[in-house]
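Two complexes, one shared chain (chain A), two partners (chain B, chain C).
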Partner chain A sequence: MNYQFKWSVLWSGQSGSWLLQGVITTLEISALAWVLAAALGIVSGALRTVPFRPLRAVGTFYVEFFRNVPLLVWMFFWYFGVPPLLPRAAQDWIFNHGAEFWAGMFALGVYHGARMSEVIRAGILAIPRTQFEAAVAMGLTTFQAYRLVIVPIALRLIVPPATNESLNLLKNSSVALTISVAELTFQTRQIETYTAKAVEALTAGTLIYLILCVGIAAVMARVERRFAIPGLIARGG
Partner chain B sequence: MADAAIRFRDVNKWFGKHQVLADINLAVSPGEVMVVCGPSGSGKSTLIRCVNGLEAIQGGDLVVLGESIVRSGVSMSALRTRVGMVFQSFNLFPHMTVLENIMLAPVRVRGLSATEAEKTARTLLARVRIPDKAENYPANLSGGQQQRVAIARALAMQPKIMLFDEPTSALDPEMINEVLDVMTDLAKEGMTMMVVTHEMGFARRVAHRVVFMDAGRVVEEATPDAFFAAPKSERAKDFLSKILSH
Partner chain C sequence: MKRLLGVVVALALALAPIAPVGAEQDTLAKIKETGVLTIGTRTGSPPFAYVNKNNEWVGFSIDLVEMLVKPEVAKAVGKAIKIEKKESTPPTRIPLLTNNSVDLIAETMTDTAQRRESVDFSLTFFYTGAQFLVKKGSPVKGVNDIAGKRIASQQGSTNAKIIREKYPQAQLREFPDQPAAFQALAQGQVDAYTNDGIQLAGLKAKAPNPGDWEVVGDFYSEEPYGMAMRKGDAKFKAAVDAGLKHGFESGKYFEIYEKWFGPKGDVPYPMTPQVKTYLLKQIGK
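On to the complex of A and B.
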């Protein structure tokens, strides 16, 4: 083996600041997309269980449409497809304000929202129907019953699978490099290009993803314990 | 009896092709306690669930507190603030404390301030004889205590009618009486009640009228004395012999 390791490429030159920028961009795009995905997931997941068929159909349409198209295609769609449909001035504005970031964020959020939707729906379906009946029987509207009772219970039940989805979202943010979002994977490839040290650059990227994921999982585990429903089987800790 | 609290007029209901309520004619007067009994699957739950619109009827008319609830445009949530319901499975919300369970609808539906709602809630907890459980979660209460909280929660909306669907069937025997006692108090205070139950002692002591259902029909309707002393139908005799023999 002739390969000469040279780990110092990671902290000499601009590598360090590239990696840092990459991490920041990855966290920014993932956090915004996560908020979008959670909002879309909760609304569409809840819609799919309400006792009113047209609303269920809306939820189902969203989920099937967005989760059955590859994320990469959505990235291209939002980046190359959508802007030309906008008025000239809006196009100019977008391309001066990081169009690739916003396109990537929407693609990631909308795609993972459809997957989150399934998780939330499963959580709602695990709640006995009589809980909903008890809520409306005291005069709450269907909307209030969902907002105050059904969704809060479902969210507490789904923390583990939602954690899984959140980690997938973070990792999938790397797909945004295809539309030139300068996130972590993009930056590791840049280091590789400049230094020709692929193993070092990719190792750094891998470790950073690992640390981010383990960190998120730890936070979610705390959330799970903090909001656990008294009486359900206690989990760890 | 023009101003019955609840009046079923030729009510029919189907689940698909299966008729579960057939030609029901019943009236419950204000302040009256009606006990509904009958074999499993005879339509008792469906009957009282029609009263607060948890089930829709397909034929006939159902008037609750002076308003026909089959008219289109009737607000079910408004109706339900005036009709409380207690379920066999308690159905307390597990992520809320006892106090939060009781305060939810008064605050969110009636628009009471948290302070007012809490005051009422604590009064009600004293009334159902568990004043010291306000901060507990449902999971930390016994079944009997949970059911009494469920009653307090329904009463917090100051309903005119209370519906009970087998409120003691899920309870261990030693807890049944603590719930029946609360219901007896409520009856004495003049609450209009429809109670599905197999607690025949409760029916004898508290009910003004007993209705016996079988296969979706009201087979007998009588005072408790008349019903228990001399049931007219064979099916009621048969039912009573089974239920009273243990």
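On to the complex of A and C.
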């Protein structure tokens, strides 16, 4: 088999603007989904550690239900399953206003929220019980103790695994192409269709994901250093 | 995983020695030696090529090879030959030809200028074009009614390309496969689904209530299906074309068409006079 490389397909014609649009869509859907995942993860992760069983059950139900169903199924659920529950006029309105993007964003955010929850729970469990007891002894309510002491410390502890989870979220955003979201992987496939140059298009996609992920990891490493509480966490270097 | 694979493949290919391109191929000599004509075809594209309920690999494209091309190739090599079938898919069919795994692609491959840079095509044996599948009574009656409408297409299809470039007022939604696009149409996420007319006719025929759906509109793209061969093998191409030409002249081709696309066929798709004229024009009639 002889394959003739033609790297110029990546910048000739519309390929460049497609790749750029793809990167923007990937970052948009990932950023919004990340905010949703972080919010859901913090709330449900905290709920799973509180000393009140019904709340723990709510947190556990959310995590087990959403993390144990494949992401692809959630994409179809939010896109095909949810809209028919709405009135016909509302359906038409959302279908005309980017239903694909929002369905993909919810699927990604809710799924990764369940995974983020476990990371946060692990962070909270890593804090000695005495911290919570000391906070309560000082007159804080349980909610205040979580909000002012437990969660802020836990969030610092979990930066490395949370980075990992964030990178997964970014890469998983490619699943949204199944419901017609024109993100980065979709655009690399488009270039392949127009030019019949699969290897070049896939290589471009690979490099862009690599750059995005390395960039995010670097930002998170800075965040970790910047917000470290001196003396609280033993760290090398 | 797929992305990683891309890099690995890219590296492997970059390091591999580049073989001479366009070396003269002699498929007839190969067939004469082995007594076998190997074709690449589909397993799930009814009625062109598919495995039926009795587990037989059949279809319109396969019949054309068996009944029209095979006798002509046998005549050219001077002995009886057998047909062997291998599965080919859109991403694999050109590589299968160039690495000699198959000699002829006979399925649902559109003859395009871009593909002609890599392979040769036989005479056109089927002619279709892009249309729309809609719910019965839909305001969409053709390509001129799609402004502002949500239109589903298949990712990477020529139809999607045309809509994006020539009809930017339409809201294009691209799905990776036919079932997802049809689901979106059935539920109202989109107002119409565009694809090759024959594909839509097949989808309609298979739907739970075929009467609820309509295939509408004039062809807004041309999709002539041809059989593909390795580039530059004039003798083999002549034999394949002679087989098809004989089929058009004797009427045998139209009998085979009737078997698959007639009123009692798998997918009723009557041949329009324009298509008939187009097919016959190829042989100077």
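Here is the rule we use: the second predicted complex is superposed on the first by the 230 of 237 C-alpha atoms of A that agree within 3 Å, B and C clash if a C-alpha of one lies under 4 Å from a C-alpha of the other, contacts with A are read in each partner's own complex, and residues count from 1 in each chain.
The definition used in the following text is that a residue touches a chain if its C-beta (ideal position, glycine included) is under 8 Å from a C-beta of that chain, and two chains touch if they have at least 3 such contacts.
Since this is a predicted model, take the numbers as computed values, not measurements.
In the superposed pair of complexes, A:229 makes contact with chain B only, with no contact to chain C.
In the superposition on chain A, A:74 contacts neither chain B nor chain C. Of the two partner chains, chain C is the only one that A:198 touches; chain B does not reach it. Contact comparison for chain A: of chain B and chain C, C touches the greater number of residues.
With both structures placed on the common chain, the touch criterion links A:209 to chain C but leaves chain B unconnected.
With both structures placed on the common chain, the touch criterion links A:153 to chain B but leaves chain C unconnected.
Look at A:139: by the touch rule set out above, it reaches chain B but stays clear of chain C. Shared-chain residue A:180: touches chain C; no touch with chain B.
Of all residues in chain B, only 52, 54, 76-78, 80-81, 83-85, 87, 89, 91-95, 104-105, 108-109, 137-140, 150, 153-154, 157 touch chain A in the complex they form. Of all residues in chain A, only 1-5, 79-80, 83-84, 88, 91-92, 95-96, 99-100, 177-180, 182, 186, 189-190, 192-194, 196, 198-200, 202-203, 205-206, 209 touch chain C in the complex they form. Chain C contributes residues 2-7, 9-10, 13-14, 18-21, 91, 95, 98-99, 114-115, 118, 150, 152, 155-157, 161, 171, 173-176, 180, 183-184, 187-190 to its touches with chain A in the complex. Contacts from chain A toward chain B in the complex involve residues 128, 130-131, 133-141, 144, 148-149, 152-153, 156, 227, 229-232.
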